[in-house]
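After this come two complexes, each holding chain A, first together with chain B and then together with chain C.
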Partner chain A sequence: MGSYGVPIYYLLTHILENEVVKPPEITSRTLELGSKYSPDFVCTPFKYTLGTMIESIEKGANLLIQMGGGCRYGYYHELQEQILKDLGYSCTVLNLVSGGRKISYKELKKYPLKIKKRHFLKSIYITKKMVYYMDKMDDYIRTHRCYEKKKGSFDKVRKEMLASFAKVKGVRDLFKTYRKYKKKMEDIPLNQPERRIRVGLIGELYTLMEPAANEEVEKLLNSYGFEVKRYTDVTYLLFEKKRKVRKYLKNFFVKYCMGADALDNIHHTKELCEEGYDGIIHMKSSFCTPEIGAMPIIEKVAQEYQVPVLFFSMDMHTSETGFLTRLEAFCDMLEMRKQ
Partner chain B sequence: MDKVTVGIPRGIPYYYDGEFWKFFFQKCNIEVLNSPSTTQEIVDRGISLAPDEMCLSMKIYLGHLDYLEGKCDYLFVPRIDRFDDANQTCTNFLSFYDLAKTYFKTPILNYNIDCHNDLLDGALEIGSLLSIPRVSILKAYDEALEKAKEIKRVKNKKQLELLKEKQKKVLIVSHAYNIHDALIGSDLLKMLKENGIIVLYSDYFLSEDTNPLASKLSKKLYWKYSRDSIGAIPLCEDVNGIIFLSTFPCGLDSLVHELVIRKIKKPYLNLVIDNLSSFTGLETRVESFVDLLEQS
Partner chain C sequence: MKECYLGIDIGSISTKGVVIDKEYHLLDSCYLETKGNPIEAVKQVLRQIKIPEGYHLYGIGTTGSARKLIGLLLNANVIKNEITAHAVATMTYHPEVKTILEIGGQDSKVIQIRNHMISDYAMNTLCAAGTGAFLSSQAKRLGMDVKDFGSLALTSQNPTNIAARCTVFAESDLVHKAQIGYPKEDIVAGLCKSVVLNYLNNVCKGKKLEAPIIFQGGVSKNEGVLKYFKEILKEEVMVDPNGHLMGALGIAILSSKNPRKEEYHLDFENVSFKTIGKECHDCSNRCELLQIYREEELLDIWGSKCGKY
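Showing the complex of A and B:
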């Protein structure tokens, strides 16, 4: 998912003795493969992950690791395993979270995983820190890339950073690398603008975090000169969400938790409106049930604060031109409102 | 004080707890206004309110609520989260209340079922909102629950008797709110009856029987109502065919039905209904399925 392949690969190679296959980048072939063997109206992440699984198996993998969430995401693995078996591949899908429950050590032992006991906790700690630093950097990039003097300088530094993150040896080494690239990024020359236009990006997690699934919307918005704020990242989902949901329930728009990230998105809409953002873009994969339930409420909240919202539903059939037209029209409207 | 009217929409949760609440309010002497069976007009109301991608059953539910808006003092909208970790519900069930609150101005009677609250807590909450004394709530709860259970037992007994008949039998695997809906399921049922086929409903069996059996088909399934419905498949081993009925785009059925279809070895028909389905198209598919059954 996005650039998170780097820390995940780091973690798996450091805690497992088994051989780890790096999944290939998502291309149109991935999605084609995925949607060919998927049920018709399943949500799009299912198709992406199934496509990636098939491509990884072709590269030699036979144990695939799938995560789970608060919606039907937790049930993906069972159907995916069945589909792969029917296709004639011999493989097992290991699911780490299902129906809100984490896998127990007893269940994990059934799988042919050889876990290195040495440096086990250290590797996990480094991965956690690495994800945290990456998310911090990405936050910085999203708000500053739009003003860069020389196009592409942020992306270049980011790429270098990820490459050296993959090779870090210890906690201190990671911290040093982070400091080095942070300095580098802060040194990139910027055009200080007179007025800033800020856009909030909310929605379903996969579509937001996978650039192949959202037509690189962040880069596009940045290239129009807009600052982007996005709450959803791995740090938020894994480490902060649980704590914050309780706080979100006190907000007067919603009484109950609505599954997956629906509640978070409603609260983020309110927060973005109160902080004076100029517009909100809501993205989801098509047929994402929790987000569909949240959309009317998001619309109502935004209406109360008089902030425009644009809804995107991304699918494999989303045409790039249609997407661009809608996005550009929205951005023009924001600029006109600002004047 | 004037008598209050509670509006109960004939939508999704009605098909699970509807009878219980009907008896409960009867015992408590509260007037109930049920919305009529689903008509095209109600569907259209729902479609105009809801986002495009919402599932048809949910649109119908919103249509029913819209019908009741202004006609009663309270709308009756529950929220059902989970019974335990292995028995959760669709995320639409979690958003009933908040969606209804967004769309409608009529005050809402709401109760919540999750790990900490069950139906009794719901009844107490509803009762105290309507200022019914606690003693009579408890009495009404016991009686209503017994009555609702009795109805379920009778249905179950009938099904088990039908299962022994020699005629061609078909099991319909579907959520209760789809197959018993006047618009979604009635055409299919009519066609099957015309062809002299015995119809068994997955939701008429007792949940206690079907729920554990679901593990035979899917080990990690964690949705209660899906478990209840697919658990009926191992229970009815000597049916001639299985019909899967779902609405477009149901999140649970898209995965569960696909998995089950890959595992069963019986003739099956997978029907997905949306608001544009044509009667003729349905007729053709059901007829050819019936022909297939008669040949087997």
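Showing the complex of A and C:
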């Protein structure tokens, strides 16, 4: 999902002695494979991950790791394992997040894995830090890439950064690398913006975080000259969400959790409106039930603050033209409102 | 020589072309069916449309779903989406309007205007239920011309109820109603009503539609749909006689406002345009590439995901 393959690969290669297969990037073939063997009315992340699983098995993997929970995603690994077995592949799918279980040493021991005990905790710590730094950098990119003087300079630095992250040796090395690239990014020449237009991006996590699933909406918005704010990233989901949700529940808007990130998104809408963002884009995969429940409330909240919201429901069959027309019109509108 | 501007709106069903002068007066217009071939349709438009004596063309704008292709071929100075184009035209010709209802061939949208700018808009999602395409396919089923739909619907006293949610349900409802013997005008009126209900439920979704309201797009020519809009909204709904041309007018206005101006000549009659579709096999993305040629000269290649072309 997105570039999170880098820290996950780092983690697995450092705590396991087994061979780790890097899943190939998502291409049209991944999607074709995934949707061919998936139930039609399942949400898109299922299809994307199933396609990636098949491609990884083709590359030689036999134990697959699925990370997901919160909604019915938590059960996907079992169904996917069944589908893969029916297809004649022999493999096990393991879910590391579902059911509120933590990644424990005991858990991993059940499987035919050889674990390097020596650096187990250290590697986990480095991975966690790496994800945190990546998310921090991405946050910076989203708000500054729109003003870059030379196109593609941010993307280039980001790519270099990920490549060096994959090779870090220890905690201090990681920190040094992070500092180096942070400096590099801050040195990128920027056009001073005349007026800032800021857009909030909310919605279902997979569609938001996987550029292949959202038509690279962040890059597009940046290329129109808009700053983008996105709350959802792995740091938020794994480490901050629990605390935040407890806080959100005290608020009068929603009194109980609606599954997945529905509650978070409603509150993020409110926050974005209060902070004076110009528009909000809500993205979800088709058939994402928690978000469908959240959409009317999001619309109501945004109406109260008079902030326009654009809803997208992404599917593998979504026509790019239709998507671009709606996005372009939305951006035109935000620009006109600002004038 | 006075300046004039050409706006072309290439929609899914119809292609519209207009020529306006600097004060946005309509000089000439043309409306014909796209028939799935936007390039041929645009050539036809250029053949039919006349630039009056004493005027010279200083800008071309394209909008509609084939805007990018045609914009490239005609070297347009503005290529913009139809939502913005519609809003711009309406704000120019009807500055008092607060809500624009628009139903076209395959899409329907609602645009809200406050203080002379777009404050919100909504567009139908993937499904084309309740649009012009639906009406014309049902007209074919009933064996009549879609142009007679409106007048026939007006004669009905008692429109039947037809499911508005989805085209497929509406169609089976319609077949059922016809088989048990409802008169044709009641069914047609029911269809018009279902288009309105579908639009208000699926596109407007609880948006407050403030008067003055204007109704545009090809379907606005249908008196039956208009009647039910008035009835259900309990408001006066305006229709511009040029309502079907609004997109083209809007893009022509945007073209005249664009600082990049040059003299254009409309001699595309003998220029051959060719598009070749092919699949790239260089990686597993298998992008469907579209190569666009003008007289054997490669203009552009579209559809690559990796940025190779």
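Note that the second predicted complex is superposed on the first by the 329 of 339 C-alpha atoms of A that agree within 3 Å, B and C clash if a C-alpha of one lies under 4 Å from a C-alpha of the other, contacts with A are read in each partner's own complex, and residues count from 1 in each chain.
In the analysis below, a contact is a pair of C-beta atoms (placed from the backbone, for glycine too) under 8 Å apart; a residue touches a chain by one contact, two chains touch by 3 or more.
As the structure is a computational prediction, the values presented were derived from the model and not from experiment.
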Original post:
Who does A:Asp40 touch here: chain B (first), chain C (second), both, or neither?
Top reply: first
Original post:
Can A:Leu79 be said to touch chain B (first), chain C (second), both, or neither?
Top reply: first
Original post:
Who contacts more of chain A, chain B or chain C?
Top reply: B
Original post:
For A:Met67, is the partner it touches chain B (first), chain C (second), both, or none of the two (neither)?
Top reply: neither
**OP:** Identify the partner contact of A:Val254: answer first if only chain B is touched, second if only chain C is, both if each is, neither if none is.
**Re:** first
Original post:
So, does A:Met333 touch the first partner chain B, the second partner chain C, both, or neither?
Top reply: second
**OP:** Give one of first, second, both or neither to describe whether A:Ala166 is in contact with chain B, with chain C, with both, or with none.
**Re:** neither
**OP:** With the two complexes superposed on chain A, say which partner A:Ser313 touches: chain B (first), chain C (second), both, or neither.
**Re:** both
Original post:
Is there a shared patch on chain A that both chain B and chain C touch, and which residues make it up?
Top reply: 296, 313
**OP:** Using the touch rule from the top, collect the residues of chain A that touch chain B in their complex.
**Re:** 39-43, 46, 70-72, 74-79, 82-83, 86, 95, 98-101, 253-260, 262, 286-287, 289-290, 292-297, 300, 313
**OP:** Give every residue of chain A touching chain C within the complex, in rising order.
**Re:** 24, 27-30, 296, 299, 306, 308, 313, 315, 317-318, 321-322, 324-326, 328-330, 332-333, 336-337, 339
**OP:** Spell out the part of chain B that touches chain A in their complex, as residue ranges.
**Re:** 50-51, 53-55, 79, 81, 85-86, 88, 90-92, 94-95, 97-99, 101-103, 110, 112, 218-223, 248-252, 254-259, 262-263, 272
Subject >> Parts of chain C lying in touch with chain A, wherever the complex brings them together >> reply: 65, 80-84, 117-121, 123, 125-126, 205-206, 283-287, 305
